[in-house]
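These are the structures, in structure tokens.
Both complexes below contain chain A, partnered by chain B and then by chain C.
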Partner chain A sequence: MLSFLSKRLLVALLVCVTVSALSFGLMFLSGDPAIAIAGSGGRAEDAEAIRVAYGFDRPLVIQYLDWIGSALTGDLGQSIYFNVPVTEIIGNRVGVTLTLGFISFLVALVIAVPLGIAAALRPNGWIDRIALVIAVSGQAIPSFWLGLMAIVVFGVWYGMVPISGAETWQGYILPVVVLSYYAIPELMRITRSGMIDVLATDYVRAAKAKGLPMHLVISRHALRNAVLPLVSLAAVQLGQLLSGSIVIESVFALNGLGRLAWESLLRSDLPVVQAIILILSLLYVVLTTLADILNAVLDPRLRGAS
Partner chain B sequence: MTDKMLDIRNLKVALPTERGTLNAVRGVDLSIAKGETLCLVGESGCGKSLTATALMGLLPRYAKVTADRFEMAGQDLTAKTDAKLAKMRGRDVAMIFQDPTSALNPTLTIGRQLTEGVMRAEKLSRKEADARAIEMLDRVGIANPAARLTQYPHGFSGGQRQRIMIASALMGRPKLLIADEPTTALDVTIQAQILALLGELQADLGLSLLLITHDLGVVAAIATEVAVMYAGRIAERAPVKDLFRAPQHPYTQGLLAAIPVPGLTPRGSALPAIPGRVPGLIGTMTGCAFRDRCALAGAECSQDPVPRHSPAPGRFVECYKAAEVAA
Partner chain C sequence: MQFTSKIMTGLAALAASTSLTLATPALADKASNTLNVAFAAEPEPLDTYKIAGRQGLILARHIYDGLLYKNLDTGEIVPALAESWEFTGPLTMEFTLREGVKFHNGADFTADDVVATLNTVIAPEYGTRYSISVDWIESVEKLDDYKVRINMAKPFAGAIEMLADALPIYPHAFFTENGSAGMAATPIGTGPYKLVAQEPGIRYEMERFEDHYAGSPKSGATIDKIVVRTIPEMNTQFAELMSGSLDWIWRIPPDQADRLEGRVQIVSAPIMRIGYVGFAPEAMAGDTPIANKLVRQALIHATNRGAIVDAFAGGASKVLNTPCNPAQFGCAQDVTSYEYDPEKAKALLAEAGYPDGFEMEMVFSAMPRPTAEAVAADLAKVGVKLVLNEQQYSAGIGKWRAKELPAFFSNWGSYGIGDTAFILSNFFGGGADDLVQDEKLAAWLTEADTASDRDVRAENYEMAVKRIADEAYWMPMYNFNVNYGLSNDLDFTPHPDEFARWWASSWK
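Right, the complex of A and B next:
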């Protein structure tokens, strides 16, 4: 287990370095940031002054090392647009995104996993068919449309929930519903197919032959093996829910990270965009590493020990 | 109740398919006395594994199982079969499977897999259950059993895993053990060891053993009784010596003739084979299922019911021509 851990963490560290360099470099591919900051009416001298003031005239490697060096000490630079520390801006916004992402993820898991299991226990039964309809519609309906419809029906017509913002907890209801509905299909399908595979194995038959009751056969023998692919997928899904809710945050006017990233891109607020990309990529690295460790805990074969 | 550990009459298993009902088991009679080893032999697809799985009550829900009589380990299961079987599995009757690699859960320690059944059924403490697991592992020839309880299946060889499966089946001290081709997935040398182990355990513990195989070598090595299955029915049943010495069903004769005998079968000569193919079992069938492949078949062979002769107690053969075969 120890050698597995150290190997896995080393890989994670290498991915972090690569990802941070890429996210830093990508920003310069979209054009000269100094010209973008100077604006369309800016003169060449203004752009030159900006270039010197922000250090864009230095070699890229130096700029990267400078940026990553201060990032390691917790300093992600100053926002060009607001002229306040980036960490402060992000700190104000991250709460909404984390709340929305985690709650949606939990709701999705709590619905998708039992539904997937129930569907797998009787393939082509009525639960399986309902689950299939949910999965197909969830994957086919765009979340912005579903979000808008939900606002119209539950916010405007019935007035049951606020139509936008997250000042009260009720404001989270619709975004969570829409976001988890987007996450459910994949989680459910992988639970279902994993369970169907595992339920057909000899060790499940052997567990029944031992006289174990069905709920133990399912929870102890089948589920433990069926969740292995689910864990990997869930980590990626959680990353998407935490980072990819730009559309949902825009539709519901929630001031989260996704919306901040979008606004900052429009404002060419480079340090903020870089910081968000860095944070989100690191988040993915952490989540997939955690998923791998969790899988190793569940499956001794992955630990490379007997 | 009798001294029989298993007594079933007219067991039928029907499976719905897209092309109609597959009558895979079409009225099987089996009985095993206490301490006896019955080998159920037949080729792939003849229904022997389905029969065994039906005895354990482990067939999928869509399989339709019926029997006129179903008695096992001293209990009458003819009515409410599923509910009663659920209480007997792992205790009165246990099963081992063909492929020990896939029959052990890769994510649980073997200690856990051995003990989980009895801890529940007999309310044993972890300590008591572990002690019994160590005893059983020792019995099946796993060295240093106490230390191995915490290991996972992937740390064991195929032969060791089958030994562990056997130990697991013995945990509940069953009266009847069903072994579904327990040596098919193993090396030849390991096969012999596992068979010897089964024979030994069977004698020591007074187990009744139902062993399913397509290997007549296995039959000769371990059986006291043999039932030859063909197309979902028992064609012939006899004590092992009688069967090998004087088979009375043309199918049994064909099977025995196809075994090469070292020293007797000339090198390079073609082994005799049974011509034709196994009939499809979808829909109903009348008469003898073997008649299309049988050299002796006559007009009467397509009539129902095929007569059953019983030349001696414990022996029967289902064939119109049994008298000709025996002669």
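Right, the complex of A and C next:
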């Protein structure tokens, strides 16, 4: 178990370093940041002054080492746009993203897993059909469209919820519905297919044959085995919900990390973009590593495998 | 996205018009005398000297005042914090300051504030965003409590324009102690509105400043409170506007404006910003067809600019023949124009030695893709194949300055200022953006930019504008317009400098 853990952590660390170096380099491909910061009215002299002021005139490698060095001490630099420490801005915005991401994740799990189990118990039954419709539509409908339609119907038409912003808890209702709707299909389908496979195994048949009630067969024997791929997928999904809500945050004017990343990219606020990429990639790495560990705990077979 | 937007606008309109009985109507903001505003982009921290975007500048102009103010309706410069001013020498100006003006924190406005503010922001280490706005000031001296002298570092024709609300005065005690970051965190000015709450970039709340000085060009505000939010998605803004929770939005795309018309107030107004295709005779060391004047003229004749403007700009936009906005001082309109005539274009190309056309790259930045594609389609008809490349402005202008681009399609806003000085000097005055390097032009422009006599300036600009048209250095496209979406109750007058003046707005 110990060697399994250390291997996983080493891989995780390498992924973090690679992502941070790549993202740092990529930012400079989209044009000269000094000119971007000077804005469209900026003259060449303004851009030059900015280049020197922010140290963009130094070699890229030096800039990267400088940045990663301070990042390790918890200093992510100053936002060029807001002129305050990056950690402060991210601290202000991370709450919205975490709230939105976790609630949507829980809602998605609570709906997807039971629905997936019910669908697996009677494949091609009516629950399965309804689940299929939800899955297909959830995959096919773009989230920005669904978000706008939800605004029209529930915000403008019926006036039941605020149209945008998160000044009250009601502001989270539509974004959570839309975001979780987008996460449900995959979670549900993998629960369903896992359950169908497991339900066809000999040990489940044996459990049924010895007269165990169906709910115990499911919870004690079937689900525990079917849940393994679900855990891996859920970790990735949670990562996506936390990092990929840019569209939802824009549509509903929620000021989370996703939107901050997008806007910072547009205004070439490099320190903020780099910090967010670093944080989100760390988050992914932590989540997938946790999922691997959780799976190893759940399934002794995995511990020796890797 | 475009398609969905259309559906969305239609649906939202339908919803708004059919659902009055279903929804609890939002409290009209006229009733609470609160103006609810949304921007799509986040305002920058509210230290005017470091702001590039319009959103932050609009907020700042409600909070701070400059020494002077420009009445755009009459073109007149009027007193603001300064009561009067005069040139006491070719490079010195003296200002008599207004007495009895109070800052939002209760401090009295005096010469110390002017001296401390301007002397701080002209220092290079302060990092004022646009050096052009302050680099003409050498130093500022206090003569007495209500008199200051500005010593200029060089002749600069835009000086008075800059002092007209673009260089705000901060309270010296607070500013000296807290610096730029302090001003941004706690903006304190003498303006008609004071900031009472802000979540930077997200939400701002301003209240009318009851002690705003009498005689201010920004006086007479009637709206009690202004709430500004950032809502990035335009469709969400439309929904809020139609449901009554917003009263003011702007920069609505033309096709969306048409759909909203009738449901809310839509106002289209021309602005200083113009679109242009810059040609670079200097690019690739002069080794491109664009270095040939006949080719440049042919390209303009080949482009159906009228159709492009009608189709993609709409509203108050018009085809331009000058590399400046007709609304700007010095932008003479009596110049060579090149009508749409593909046959003439072909003949010119043949004469220039390109009977079968040629291929060249054009980067476009911050212009709608359809406009660039339309230009390319028109040029293809005369045999010129444009290789289109959409880039961020920073990447595009970087390539331009590196002299790697024969043609660059973008736009320029002149900082919203009604004077040709800025755009002409930037692109034809011999600097890094000037890929024409025409010595005659540079000489006229230097003369025009530094002369204090308006007639001398106008005369030199006219010569420059005419030469640029004759030589076809640019293909000017059109002046931009802005569509505003307003609550039906709101009385708002837009201005060509894109600075919304909410202090002059009221309810009908």
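The definition used in the following text is that the second predicted complex is superposed on the first by the 302 of 306 C-alpha atoms of A that agree within 3 Å, B and C clash if a C-alpha of one lies under 4 Å from a C-alpha of the other, contacts with A are read in each partner's own complex, and residues count from 1 in each chain.
Convention: a contact is a pair of C-beta atoms (placed from the backbone, for glycine too) under 8 Å apart; a residue touches a chain by one contact, two chains touch by 3 or more.
None of the values given here were measured: they were computed from a predicted structure.
Contacts of A:19 after superposition on the shared chain: neither chain B nor chain C is touched.
Contact with chain C, but none with chain B, is seen for A:268 once the two complexes are overlaid on the shared chain. Measured by the number of chain A residues touched, the leading partner among chain B and chain C is C. Shared-chain residue A:250: touches chain C; no touch with chain B. Legend: residue contacts after superposition of the two complexes on their common chain; A:5 is shown touching neither chain B nor chain C. In the superposition on chain A, A:32 makes contact with chain C only, while chain B stays out of contact range.
When both complexes are overlaid on chain A, the residue A:301 reaches chain B alone and has no touch with chain C. Once the two complexes are overlaid on chain A, none of the chain A residues touched by chain B in the first is touched by chain C in the second. Residues 1, 4, 8, 11-12, 15-16, 19, 22-24, 26, 41-42, 44-45, 47, 50, 52-53, 124, 127, 129-132, 180-181, 184, 199-202, 229-233, 235-236, 239-240, 242-243, 245, 366, 391-398, 401, 410-415, 426, 431-433 of chain C are the ones that touch chain A when the two sit in their complex.
The touching residues of chain A, counted against chain B in their complex, run 201-203, 205-213, 216, 220-221, 224-225, 298-301, 306. Contact residues on chain B toward chain A in their complex (touch as defined above): 56, 58, 86-91, 94-95, 97-99, 102-108, 116-117, 120-121, 151-152, 154-155, 165, 168-169, 171-172. Chain A meets chain C in the complex at residues 30-33, 35-46, 49, 53, 81-84, 92, 144-145, 148-149, 151-153, 155-159, 163-165, 250-253, 255, 259, 263, 268.
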